[in-house]
Structures are given as C-alpha cells and as structure tokens.
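The structure follows.
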Amino acid sequence: MLLARVEGNLTATRKHPSFEGWRLVICQPIGRDGSPEGVPQVAIDSLGAGMHQRVVISSDGAAARRAVGDEKSPVRWIIIGVVDEVTPGTTALQDAKE
Amino acid sequence: MLLARVEGNLTATRKHPSFEGWRLVICQPIGRDGSPEGVPQVAIDSLGAGMHQRVVISSDGAAARRAVGDEKSPVRWIIIGVVDEVTPGTTALQDAKE
Amino acid sequence: MLLARVEGNLTATRKHPSFEGWRLVICQPIGRDGSPEGVPQVAIDSLGAGMHQRVVISSDGAAARRAVGDEKSPVRWIIIGVVDEVTPGTTALQDAKE
Amino acid sequence: MLLARVEGNLTATRKHPSFEGWRLVICQPIGRDGSPEGVPQVAIDSLGAGMHQRVVISSDGAAARRAVGDEKSPVRWIIIGVVDEVTPGTTALQDAKE
Amino acid sequence: MLLARVEGNLTATRKHPSFEGWRLVICQPIGRDGSPEGVPQVAIDSLGAGMHQRVVISSDGAAARRAVGDEKSPVRWIIIGVVDEVTPGTTALQDAKE
C-alpha cells in the first residue's frame, strides 16, 4: 500500500470492458514530505479523491475486481483511502533527523 | 497498472507455445509528462496499440492467461487500455506545482 | 519482507471500511545502516511499533486480511516484527567492506 | 515480463532440491537500447539461451513450478522466450525521440 | 529470484509467532559484479548461509510458509540456494562489454 498524490485522469476509448464507467486516476507515490517516489500507478477510484489530494492505494487485485464487479477484470490498483492528515508533520520529522 | 508508451515489438522464435500468434510489445512506463519511469515491461497486446502510443498495462496474470486462452501460460502483463487523453494536461500540472 | 523505519501515522476519514480502527503507519524501507531505500509503504500495525523504530514489514495480503478480520479487505502490508538489534553492527559491516 | 540479457550462470551446491539439474541464469533487465534497467533476476532456463543473448523472463511462479515439475518449489522467474529481433531498431527509436 | 549477499541478522522480540526460532537475515540484492542493486530484503534461512556469502532468495510465499510450517505465516522471502560460483567470472563479463 502506497501513499500517493492524485495527478490526473485518464480517458481511454479502447479498453477492457470491465473499466467501463470507472474513473482511472494517475497516482504518483510520494514520501512523507510529499516528494515523488518511484513509478506512477494507474488506479480506479470509488472514493471521489480530488486532484492533488493524498490517497492510499493498494495493489490488491481481488478487492479491485470486487469493486468493479467483474471477477475477470485485469484491474489491480485501487484507491482505498483519502488522507486527512499525516502525523507527526513534516517539520517534526525533520527535527528528528537532525 | 502503469501508464506506458509502446516502444517496440519483439520477435522470438524459441518461446513458450502459449505466446504463438501474439504480439509482444515493449512498454516503457512513463509519468504524466511522458518521462520514462522504471523498468520497461513486455506485454501482450489485443487492442492494436500503435508505436509510441500511450497505453495502460496491468500485471494481472489471470486476465492475461484468459486472453491467450491458456491457463498454464507464463504470461503476466497485458495492455488493458489505449489512452486518448490525460487531464489536466501537463501544462496545468506544472502550474499547480509552482 | 523489508526492514523499515516507522515515519508517521495516517488519518483517513474516507477509507475502505476494513481499515476502521486500525493504525496506518508510513514505513520507509531502509538498508542495514539506516539509509532510506525505495518507496515508503503504508502498513497496518498490531505490534505497537513506536515512531522511528525499526520494523520488518511483509506484503503478504492473506496474513494482513486475517489480521483485520475481513477476507475482502484490500489491505496488503503488515508490520510483522519490531527489531531489537541488527548484528553485526554497522561498524562491523563497514570494516568488512574496506 | 521483462526484456533481459543473460549475464552468467550460477552454481549452488546447497539449494532447494527442486532446482536439482536446472540451469540458473542471471538475467539483467534491459531497455530497448540494451542499457541495464533495475535489479538482475535469477531465472531457470529451459530454452537454452546463450550468454549475452536477449530473452524475455516472467515472474509467473505457477508456470515455473510446472516447468521444474514440483508444485512446492520456491522457483519464480523463468525464461519464456529468446529474442530474435526488436523492431523498430534502436536507430528508429532515437529518430522518433528527436 | 534475486542474487543477494547476506549482510546481517535481525533480532526481534515482538514478532509474528510463526517466526519463532527462525533466523532472519538481511539480504542485499547484488549484480554479477557484487555491486548492491535495489532494496535489501529480510529472508528466513534454513541453509545456514554465512555472513557476506552470496545466496539466491525467492519471494515465493507458499514455499516460505511451508518452510516455517505455518500456512498462516506472513513470511515471504526465503534463501533457496547458497552460491558456489558465478560463471563466467566478472573479468570475462567486463571483456564482453568492451
């Protein structure tokens, strides 16, 4: 499960039918301080995450397939939480590092 | 699931028989701005993605095995969508970052 | 399974119901000398790991689902151990490298 | 599935019994232009890939276990194809990038 | 499956009960020339690998769970071989690259 930031929406006319009607979101994994880390993932979203919001994404395919209601879907990543807050804040962490 | 760009086709005479007749495509994962991110993946393609087109690829092995019609195939990655558009555009994102 | 350091707690009001009541922890994978390595993971914690403590995390989804008591949860990473000690210590390793 | 180059053979006397008699090969994932990308993987080979040849490797454990004929083997990566050609060639790609 | 070097032992008093009595080893994935590559993994060891020895590790959870004798263990990585030799040697590879 990765902390990520929503960075865009994808539109795809030619796609696996199980994605029909689902929002496909580009999620950039980030560190605690918000810096990008690793490869962006494409996830489906059922929580209505806003652009640039921090979310938690999971690669649990079984849960994602249940979400789209198609046990044969190739879906893998799903947004499982919209982050309100990370504690301690970034400043506190930087203090701890010094 | 990764956003990727199609970068080439593979030809392999000696291969697992389940790949017979399938197009094998090199897909370079990319970020929203199109920059390469991480290791290229080899995927099968049933959507007819063109060279340098942006696609979404999934590592769901079960779906890929259903696609090739062989439950014993070692296939893993499959192109699941051909991207029409990413919104907001790159310019909008760069604005948001400033 | 990764050696990681606890770097923060996440609060999320909108989330998959299976995470209700669980502590979500940001775990930064580290090397033997404590340097960060790779992408931070979000894990659930049932061992009461403290801030900045070293832990071992596992991506075993089945064990994580048993922990939260919901076989349909999209949970994947779980803290499976709190590290007391790494031997030989960092100094010994640096000696070996020279 | 990754495009990789064969870079060496491993000999191991103490090993899981399911690897007995199998060739263990170090496979360096590469990009289209042949540059190394990411962590080398150890794979079993049943296609007789030669040193420095380009191959496609898959992390499909089930297929690999069938290959070694032991459903309890910890084997994961397997060479699934020996690459004859990648098209368009590297030069064409470089043209496209300019 | 990764080629790795044993870099340390972990002690953890608070841990999942299935790890009781097992040696937990920090394994740094390496390239053919011994240079570190990617994130260190924590693996269980039943082959008695020595400090700084080269090993092959696998992320096959099912095999690891059988090894610890607990089908509900969150264990994932296991040392599956102790490397005697890599051929051709590093020098030969460097020649090939020139």
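We call the chains A, B, C, D and E, going by the order they appear; numbering starts again at 1 in every chain.
The rule we apply is simple: contacts are C-beta pairs under 8 Å (C-beta built on N, C-alpha and C of every residue); 3 or more make two chains touch, one makes a residue touch a chain.
This structure is a prediction, so every number in the text was calculated from the model and none was measured.
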item: Inter-copy rotation, chain B to chain C, in degrees (Cα atoms; steps of 5); value: 145
item: Mean-CA-position distance for chain E and chain A (Å); value: 31
item: Intercentroid distance (Cα basis), chain D paired with chain B, Å; value: 19
item: Residues of chain D touching at least two other chains; value: 38
item: Cyclic chain order - from chain D, heading first toward chain E; value: D, E, C, A, B
item: Chain B residues within the chain D interface of the complex; value: 7-16, 19, 24, 26, 28, 38-43, 51-52, 61, 72-77
item: Parts of chain D lying in touch with chain B, wherever the complex brings them together; value: 1-3, 29, 31-32, 37-38, 47-48, 56, 58-60, 62-64, 66, 78, 80-88, 93, 96
